[in-house]
Amino acid sequence: GLSGGKSGATSGSPSVSSGAQGADPFAVAKGPSVGSPGPATAPEWEGKTSIPAGQPDMNKDGKVSIGVITSGDTNDGTYYQSVADAAQYAGTKYGWKVSVQGLVPLTQALSAAENLCRQRVDMVIIGDAQLAQAVNAAKEPICKDTFFYLQGGYGSPKQDATFTQSYDVGLSYAYVAGVATGVYMKNKNIKKAGFIAGLAAPFNTTIGAVFKKGVLSQVPDATVVETYTGDQIDVGKAVEAFAAQQSQGIGLVYPYFGAPTVAIAKKANAANIPVIGSPIDFCGSTSASFIASVIFAPGYYLAPLLDDFANGKLPLGGTRNWRLGVDPVPAVHTCSSAGSDGAAIDAAIKQAQSEINNGTIDPLKLATG
Amino acid sequence: MSGLDVPEKTKESSPADRSRAVVRPGGLGAELAAALRANAGSAASQVGMFVLFLGIGLAVGLLLSWSTGHSPTVVLADLLDGSFGNAMSISYTLSFAAPLLLVAAGTVICMQAGQFNIGQEGQVTLGAVGAGFVVFNISGPAIVVIPLAFAAAAVAGGLWAGLVALLKFTRGVNIVVSSLLFVFLAEQLMVWLISGSGPLHDDGEGVLGAGTASQSPTVPAGAELPTPHLFGLDVPSGFLIAAVAAIVVAWVLRSTLVGYRLRILGHSPVVAHTIGVSESRLGSLAVAASGAFAGAAGAVILLGQSYQLHPGTASSIGWNGLLIALAARTRIGVSAVLAIVFGAMIAGGGLLGSDNVPVDIVNVMTASIVVALLCPPVVLVALRRRRQRRAAQVSS
Amino acid sequence: MTITNPNGSSVVTGHPMLRMAGVTKYFNGRAACDDVDLSVAAGEIHGLLGQNGAGKSTLMNILLGLVRPDRGVVEVAGRPVTIRDPNDARAQGIGMVHQHYSLIPTLSVWENIAITAKGRVRPDRITALVEQTSARYGLEVSASKRVGDLTVGEQQRVEVVKCLIDQPKLLVLDEPTAVLTERESHALFSMLGQVVDGGACSVILISHNLAEIRSVAHRTTIMRDGRVVSQVVPSETSVAALARHMIGHDLRNEPDVATAIGADLRTDPAPVSAAAPAGTPGLPPALEIEEATAFLPGGRRALDALGLHVRGGEVLGVAGVEGNGQKWLASLLSGALSLHSGRVRVRGTNVRVSKPGAMRSAGVAVVPEDRRESGCVLDMSVADNIAFAALGSLARRGVVSRRRVLALAEKLVEEFQISVASLDQPMRSLSGGNQQKVVLARELSTEPGVLVLAQPTRGLDVGAIAYMHERIRAAADAGVAVVLISTDLNEIMQLSDRIAVMYRGKVRGETTRAEADPEKLGLLMGGVHA
Amino acid sequence: MSVAVDIQTILAVSVPLAVPLLFAGLGEYVAQRSGAFDLSVEGMMLAAAFFGAYGASASGSPLVGLLLGVLAGAVVAVIHGNLSHRLQLNTYVVGLSLNVLVLGVTNYLLTTTAFDIPRATNLRIPGLSDIPVVGKPLFDQPWVVYVIPLLIIAIWAVGRTRWGLEIRGAGDDPIASDLTGIKVNARRRQALLFCGLCAGTGGAFLSVFQSSSFTSGMTAGRGYIVIAVVIFGGWTLRGVVAASLLFGVAEGLQLALPAIGTTPSPQLLVAVPYLLAVVSLALLGRRLHQPLALGQPFAPSR
């Protein structure tokens, strides 16, 4: 039958089987702060945080188990898989029981979380904003001694004492990715870049718009082609969208996708078109080569928090703001294949980050204005 | 198209004057109903068959899990525990069964009328949107808002299905294909409605900052479907609504004038025509009614399960409800049982993750169950033939 | 022994070309063929005679491999053979022209023939073969036409050519003349003579028509209730004797039975009462059709400026060879066919025929030809089927009263002597005659002003036929205007006050019963003005 | 950019998008001509995409992947054929269920499978591929693409053989066909199998040749578009080819227009293929001649 490791072959994604012994795939997220916050602050939510007693064995049943639910495919090699991988990695490292359920339909979000409580997990990890409604389970008696963690609820439901969430501002790293792209284009004298995403919905289109502003800030006469395929997982369309851009002479591409990213990158590599990768760290990928990674997959935020959880230090009832240029993640990293341009790009990234943090640049204004 | 929905006149088009028509009157609907209603023996043997083939369908899924190294007993134990293991499990099961039963009940209406609408998934989506328009815009006591939301959902789902009927009866467009295509259009329509400038878009914080998510606001607490505590169980009111709706559908089809006319239409459009039934009118009504029920399922989903509209809100409820009605051979009672079985599979599937069994196995099982449940008439016919052959040999 | 038929061809009945022995087939516990023996000599035209349901088609279907016998052996030219499907049959040299044709309407003639012909599929090759064969037997066939565009007669010729191309040892024709004009029948029979000439081929000819059998068959096997009751040389047997064998007892006292088998035994038609109610003059006719033209979806003309009228209390017989639009006339009157031009008036008022239920509310009740398909709903109960017509009056505030449905059904079942086990029994499980009775009972229960009956006795047994006729008479006597569409001339002549003959979608001629004689009607049916 | 380049871009995108539709559409065309309404084509394509990806990454050879994918499509077809045209189970239910089943099975297996699909190289046809504008889009493609014209010719030719006539007979008049000695259900199963092979090729093309990757549910509704293609094509070979290309171009435009520099509403562009299908069916609806017995079960008396 079909068996064998997914770990060996899929490269570029954090490796599971390396386990606690191997290099920590989320090490990049666990480093020290990279900068200091300026006057600009992300939205705040009211509410006091507390550290529950007995963490990590919240329910005091003598063992620790955590459960992950996410609306996407946990084998997509990128966004959704990162949560599962972070949980698995921590599980292996600390000897926890980990259960993962992917492709959870919206209708089952709440019940899936409650089910995890029933199975007496100590922590429920809601892997993406689509399933945000699942945090309401935290108010149920059955979940009273379970720690709820949500990736990016962004205001609905409102932050309260029953759960902890991570928050990041996608527009800022989209802008910085644009800046990095622009510097590379300037150095290589490229005038046209491509941006490809799935659904033509704001969570993609605003990113595209801000990315473009970033590019233009470096190369004012550049063209950025934005294509929306209408489908987040349709690899065929994603690849052909790239082909269209390629035949119109783009010199660089940023596929803003989950699963289809690597497929596009492979095509781009074959055509010698440099690629920016996201949302995981693609710099070490063996299936395709990237010049930069935009790192913002939920697993990166979850991994350090799980370490805190293991050490009994994870606060409940607050929003953890992950800020570009302040925290290790999110981040825009140049890869070694950027070659001699790496240094210039890095400098520009630093510059742009501090401009965002000191309020000189407001990505949200860029998106709407 | 004759197979599915020729305007009745074309059915007489059998070339030359042959007394037998190639295309039987009634088209697919009648064919289907006749084939599906094949006499299936005594009540006891029917129940026996049902249970047997349900088991066979389950077994296929268990076989797959076993062949990939997951213990079937563990899978089965999880499924049972998660669906009927305790009061809470039962409550889940009923909650998941509710929208499925609504969709299936509606599907029964159009199938019995011989209209092969398979676009329930899109109609569910539009129903959720319709309910959303009410609950996100009108605030008031639950007793007012919830019925309004259901009405809006039914209207939205019904109109969406009505479009399909309109295309069929005015332009002769194949209903299987158009209803299918409308599923994809419904999804795009909803994404537009909940994005950017769309009227159902959440103006609060977005993924990337204010107003940038593709999602609706959250259903206000007052408009959430209540979960009354009855007989020691938390019974989701969505299930009560679905159960009542199913009973009403069964009664209407059985005992009312319109139900009679609908069934006659499904069996024989020709006969229906002679007694004054207009296929375009009653057929459209049946399709629209099925859409309205699917729409109501959308309301149950929004007000009782997802509380928010996102891309993909319908969550295959439409597809599964359709399959339930077909596997039940358009019988309401069997549909209700199957909806609960499907609900149980979904609820039970929630526990599989803890044993690291991929929950996708549930899809495999439900599909196998549907196919397996189609088999009993075939088996009965085969058995009868064999008996007859035996009898003939003995008598020789 | 040598037998000569009236055509003058003769055959030696020594070595059989085909022998079937002990053939038995049960359907639902009833024997359709019961220990049947049949032997056909080389070069023989062998008649196969029997009432509806006697098992003739079943026997031939077994021979063709379409029905698997429960028991029995088949020998072709002395060798036992197993025939599993029509291809096996063809390989054994057996070809059949089916009662209902087996051509695929969307394919052209040559394509239909290519499907079963041997050798490569090449239009030119097949066309040449077709031309050769049709020239040899004088069968006019155009190879390039689409079968669906051909007339019934042409289709039958194609079917025959399709069999003959294989140069079969045995050619089976199942009621080939039922849909043919007199002239076409004659051509067919002379062609058959040519086919068997020389003894390389034998023919089995199934028919209800005694005269026909007498004029062409060398020998005839007569079946009744699935059994062979006798084998005779028809030219040496009287029509009455043939009929007796077929029915099982003497016919002279039972004119209805004679009607049922197409034997014209009456010396004179039943007396026409002097006061034959030719309707009530002065009032408009109960039903008038003027210049009615209608097309089928494919564009074929179904009715061609058809005109007729019928008054209350009058029975108008509509005669004609099957396929001349009678079926569409009934469709028109049941509202299933829409008018292209012309008018339908009921009691002087124009009716929009294609409006659902318009004909019924105007008081026109129709017992359609294909009752199983458009007369009733097989998967609903007997009670429901009876209730259809009166649903509105059985319902109160939109809810159908089951009590009243059952009461009505009970009353009609009793009145019309319908034999059912239960009123909830599905219609499908009733026998043909009882299905027909249900439809008739329902239609009469609405107290219509006009009753249209299409082939009301087709497929029914003798008793049922007599009963039908009685009810039709009674309806007319009660003042109902009756349109009786039938291909059975005797039935028409026996029941009608006036007779209209349809030919190619229009009324070719009309006579009163007093003036009608079979010859005149026959000519009209053949399209000849009398 | 020049107009020629723009047209070349549109073609370059549209052709590969049309390829899976063409393969599966041709198969569905044959199936529907035989009277078998194959609703499981989505499942056939998805199964083929998965097993194609598996075969290609296990063997390192796109050809092996293709073969395994085609085999997977055929397996779905054999299941469908036997359930619907041997056991006479309702073909629509079987078709829809198979789609659910395949989605479940592939997602299930995906949890334990990883792919490393070798990149399939294009086969450039010397000379032809140098033709301006159309040369590159049409003659610089993975080799399977060149199978399509052969397939079309083969279907055309086979349509004129006895088997082809029997297929049409089974679809138009199963009762008469049966009397003629045509094994109606066997023909339908064979037509379905052919459809499985074709749809399998289309599905494997998606994962092995087009994108070198497999993602959950990656056929994304193409199987349903395929059905629209056959109907839109009016059940003629010519029509099906034209409709596949048209749908390919509609999707291609959606992806190519932004690259060319015109950006109409992305939402509308996404909906275009579906709207196109609905509107064209509404306009053509009555003029299309479907096989008379399409989707109707046939139970021989034997």
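As written, the chain order gives the labels A, B, C and D, with residue 1 at the start of each chain.
One rule holds for everything that comes next: a contact is a pair of C-beta atoms (placed from the backbone, for glycine too) under 8 Å apart; a residue touches a chain by one contact, two chains touch by 3 or more.
The shown structure was predicted, so the numbers you read here are calculated from the model rather than taken from an experiment.
Within the contact network of the assembly, the step distance from subunit A to subunit C comes to 2.
Set side by side, the interfaces A-D and C-D show unequal numbers of C-beta pairs in contact, with more at A-D. Inter-chain centre distance (subunit A to subunit D, centres taken as mean C-alpha positions): 36 Å. Centroids of subunit C and subunit D (each the mean of its C-alpha atoms) stand 46 Å apart. Rounded to whole angstrom units, the spacing between the C-alpha centres of subunit B and subunit C is 45. Centre to centre, using the average C-alpha position, subunit B and subunit D are separated by 27 Å.
Subunit A has residues 2-3, 103, 200, 205, 230 in contact with two or more other chains. For subunit C, residues that reach two or more other chains under the stated contact definition are 101, 105-106. Taken residue by residue, subunit B touches two or more other chains at 20, 22, 24, 68, 188, 191, 195, 360, whereas all remaining positions touch fewer.
If each chain is drawn as a node and touching chains are joined, the picture fits none of the line, ring, star or complete shapes.
Of all possible chain pairings, those that touch are A-B, A-D, B-C, B-D, C-D. Considering their complex, residues 24, 26, 28-29, 70-71, 100-101, 105-106, 147-152, 155, 179, 296-298, 322-323, 327-328, 331, 334-338, 356-361, 366, 369-370, 373-380, 384, 387-389, 391-392, 395, 398-400, 402, 426 of subunit C touch subunit B. Residues 67-69, 82, 88, 92, 95-96, 99, 188, 191, 195-196, 202, 204-215, 217-218, 301, 305-308, 310-313, 315-317, 346-347, 350-356, 359-360 of subunit B touch subunit A in their complex. Those residues of subunit A lying in contact with subunit D across their complex are 2-10, 73-76, 103, 194, 200, 205, 223, 225-231, 233-241, 243-245, 247-250, 259-260, 262-263, 266-267, 270, 287.
Within the complex, the subunit C residues that touch subunit D are 61, 64-68, 85-87, 89-90, 98, 101-107, 111-112, 114-116, 121.
Subunit B contributes residues 1-4, 20, 22-24, 28, 31-32, 35-36, 64, 68, 116, 118, 167, 171-174, 176-178, 180-182, 184-185, 188-189, 191-192, 195, 319-320, 322-323, 326-327, 358, 360-368, 370-371, 374-375, 378 to its touches with subunit D in the complex.
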